[in-house]
Amino acid sequence: MAQNDRVATPTAVLLITCPDRPGLVAGVANFVTGHGGNILHADQHVDDAAGIFFQRVEFAVDGFGLTRDRIAPAFAAVAEPFGMQFRVAFSDETPRVAVLVSTAPHCLTDLLARWAAGELAADVRVVASNHPDHAATAAFYGVDYEYLPIVDGDRAAQETSLRAVLAAHDVDLVVLARYMQILSDEFVAAYPNRIINIHHSFLPAFVGARPYHQAHARGVKLIGVTAHYATADLDEGPIIEQDVVRVSHRDSVDDLVRKGRDLEKTVLARALRAHLDHRVLAYRNKTVVFT
Amino acid sequence: MAQNDRVATPTAVLLITCPDRPGLVAGVANFVTGHGGNILHADQHVDDAAGIFFQRVEFAVDGFGLTRDRIAPAFAAVAEPFGMQFRVAFSDETPRVAVLVSTAPHCLTDLLARWAAGELAADVRVVASNHPDHAATAAFYGVDYEYLPIVDGDRAAQETSLRAVLAAHDVDLVVLARYMQILSDEFVAAYPNRIINIHHSFLPAFVGARPYHQAHARGVKLIGVTAHYATADLDEGPIIEQDVVRVSHRDSVDDLVRKGRDLEKTVLARALRAHLDHRVLAYRNKTVVFT
Amino acid sequence: MAQNDRVATPTAVLLITCPDRPGLVAGVANFVTGHGGNILHADQHVDDAAGIFFQRVEFAVDGFGLTRDRIAPAFAAVAEPFGMQFRVAFSDETPRVAVLVSTAPHCLTDLLARWAAGELAADVRVVASNHPDHAATAAFYGVDYEYLPIVDGDRAAQETSLRAVLAAHDVDLVVLARYMQILSDEFVAAYPNRIINIHHSFLPAFVGARPYHQAHARGVKLIGVTAHYATADLDEGPIIEQDVVRVSHRDSVDDLVRKGRDLEKTVLARALRAHLDHRVLAYRNKTVVFT
Amino acid sequence: MAQNDRVATPTAVLLITCPDRPGLVAGVANFVTGHGGNILHADQHVDDAAGIFFQRVEFAVDGFGLTRDRIAPAFAAVAEPFGMQFRVAFSDETPRVAVLVSTAPHCLTDLLARWAAGELAADVRVVASNHPDHAATAAFYGVDYEYLPIVDGDRAAQETSLRAVLAAHDVDLVVLARYMQILSDEFVAAYPNRIINIHHSFLPAFVGARPYHQAHARGVKLIGVTAHYATADLDEGPIIEQDVVRVSHRDSVDDLVRKGRDLEKTVLARALRAHLDHRVLAYRNKTVVFT
């Protein structure tokens, strides 16, 4: 299993969302300090219009006055009067990840190479695809590969198989690394804010088929990519990360597609890393991404 | 009048569009060379899909074997067999420009300051506005200011006045520097590819009122700006330049608007400069912008 | 005086630097909460290697249990046991600013236009220059202009006059908006981390005269600009902000200079805004800039 | 062997450098047209200060009036009177490439994945390393791997072995994909403008050991990467491509290194692609890179 290069000593991360009101920061800080902990990083944000408070607090596990399993129950007493929703994560307990891919290899290869290099605090358990193309790549990186073809056009049956694979691996996070099949609403609902997707974005947007051809016909000077959590409205979920690259009249449709691929790799990797580091808080179809 | 800092010695620029076929580059080059000219810059582009050839050729006026007024007639003999559309411009014959503005001053001030600093090869003749706000700014830069209010909601009458002002100044180019009035189709048709507009652009696009509020609600990570030639479909004309700036959950709607303003200044200035340097060729609702 | 568009209701900003140790966040939060305050924004950072803690805490003045003049004395009791260095600023008490400029107008004009548009929470008191060029610009924006020529090469005498002007205006912050005179060590020492300078930056760096010519000769593909606090080693102080712009073989030396000017305006404005919003903490020749 | 996705139909590329003088463009265009060729792309550039003309002309091989082997001899008659240096390349005759690598895998993996995806018009023949680490990666992509350790500190002997490997593969281009050994002047001289290297770049530059640590200590807000041709002064050769990425006080030294890795992959790939597409002309320690 790949190593994460970031975490020298294990830390606990407390992620909090609640109505904004006085005393929140003090309440959380006193909890950590009161148990002998030292806050290594703390970020908070208030959405003024919505009146919502967000916080991410990271502290060392070693020397903390509560064992791991007792942190959440103890914090519940702090959270309750403030109406806090919260979760606790540990830097050395890496999420189990499934990568879904169709034919295009670039996001998959990039992601696996980063993981092998220790850049991603993940436990990549399985690569699943409706195509057989990437079996050798998965094997090279020591990850299971599940070829799940759509037989006789029965998409529902294939999705059932896919969900069984994810369940068998007890997957925490699904990464759509250019997976070109529509997921059912039930599937998406089963992994709320735990499916990361990537897709092209343009200014202006182009609706319909072959968006890169439309962008080329329109003579855009920038093409973009958006990474987001999948929702029932597949490409309209909370945005995690976006970026663009400059293009010109010199660029053919193939050039746009190639530049788009490069961007997809980078933007997906950044979004995935933010998620794995427990820096993303989603709410109301948008996100807070602490840096 | 402001000086252009780019042109030490006057040059002629030949801008050509025609169906692609062999011999075009040689035909143009032989014309210039045959009259004793030296090509200082030459750029060409072929839109493979459309089968269209574009060229920009710049050569020194001094020492050329034809006087200025005889260049176009002489080149017509080259152009005719190739079916070329062409125009000839001279670097020291600067376009007469009108700047239209409503209340927001940032694009106007930036443009006038650049012009005063000699960055723009333009003859800025007049600033026109449906508001009185910018009279002092125009006066400071030594440019006429025409306050053209909309009286009793009569937009047509105001546009008639505006067109009279542009005609009186024999304007070659209209710059919409955050001018918030809709121009009639007739107005736009009177200045084909000679009205430059600027507007916000987002990924995804937001339709309807208050786009910055929508972008904020959607939690976008980038906001963008597009400069384009105005067409009857006002914000859908050929794109000249685009750029984006990064935003985050830290940015309020006001922050987005402010960052958008900065971007509008920069993108408008780049588009305007490209136009004034005769580097933009528009066709089929898109552009070739030579660098 | 220009208005700041950001601050609807006045806030207090507490800026803290101290050795890192447990209980800091709780201590500060308890101080604010204990006096009935609500933390609107809080950012902290730990320089792990140096063992230094940094915090910026912003809370509403209205309704806080201490009057403005009693906040710092009361907080001193919290700060003392932690060895905190701190200061308190108020969003509606804008720093008095002097802008120093030589001949190039672009940074000055951009800064004054932003200020007039309400983008900068500053009280711009005076523009001072060793050239007479910008008197009309200053007058247009309603700011005093002090023309302080260097007479008979006596730089020390000119600096003495300059310091008298700054003292007369009780200036808090000095902005070097392309001011091409070397400041004495005594001058710089009198305004620690309160002089913002801007200069070109390249990859690689070019030492000696005419850096843009050197960059052009070297064929760089990017040019950059750095904004920093001035120190005795003038261009080597703590970096506040940097950015680059792409260039190519098409760009002449004049083009590089022009693109550099655009970048200087933007980078200086961002650095100045960060300073005025009390988001910059300088230490050990570097900065923390909260976003 | 990987396929290049760009070239539908084979083209010839003529790369020309010569003293600037009238008639150059016409002379070249007449050569192509005179042999029945159609110019698909043509770019030229004049370095005004140096008085040097550069041109890249691309035309279809099929239907051209000269066979491939006769193009260069025939063009020599055009070139001679103008004092042109030139070379002819064909889009379907891909350069033989060796990739040199030490321990860091990121550039190697990215490059091989791009090659396998058909993005690079190259014939990657061999990966050579002073470490055994990448044998499996090379095997996965079907490329020979040569492990060439430095035995008893004898760098010269290792370089002799390396040169033998390159000779055996008749290599046209050497890519230093994070190869951490110094190459001798003789080695570099044997591959003029045919060794591409990549290294970090900062504003300001940092001399000496551990530059990322120095950059972190200095609090830079940007880190950069430069791809260039290797010369005897290893990191000072003609720059092909540069880019930067934004960093902040939040980034540890490890974060800087990781962000630098991402940039190295991208910048190296862009530089390599420009070289393989015959778009780079080096002269006087700088480059023209046509787009």
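So that you can tell them apart, the chains are marked A, B, C and D in the order they are listed, and the count of residues begins at 1 in each.
The rule is short, and it goes like this: contacts are C-beta pairs under 8 Å (C-beta built on N, C-alpha and C of every residue); 3 or more make two chains touch, one makes a residue touch a chain.
These numbers come from a predicted model, not from an experiment.
Looking at A-C and A-B, the interface holding more C-beta pairs in contact is that of A-B. Using the mean of the Cα atoms as each chain's centre, the chain most removed from subunit D is C. Computed centre separation for the pair subunit A/subunit C is 37 angstrom, with centres defined by C-alpha atoms. Annotation: 42 Å between the Cα-based centres of subunit A and subunit B.
For subunit A, residues touching at least two other chains, in rising order: 45, 248, 250, 291.
Taken as a contact graph, with one node per protein chain and an edge wherever two chains touch, the assembly is complete, since every chain touches every other chain. Across the complex, subunit D meets subunit A through its residues 5-6, 105-106, 109-110, 113, 116-117, 119, 136, 140, 248, 250, 254, 258, 262, 266, 269, 291.
Contacts from subunit B toward subunit D in the complex involve residues 20-26, 29-30, 32-34, 36-46, 291.
Residue ranges of subunit C in contact with subunit D, taken from their complex: 45, 47-48, 201-205, 217-222, 224, 226, 236, 238-244, 248-250, 252, 284-289, 291.
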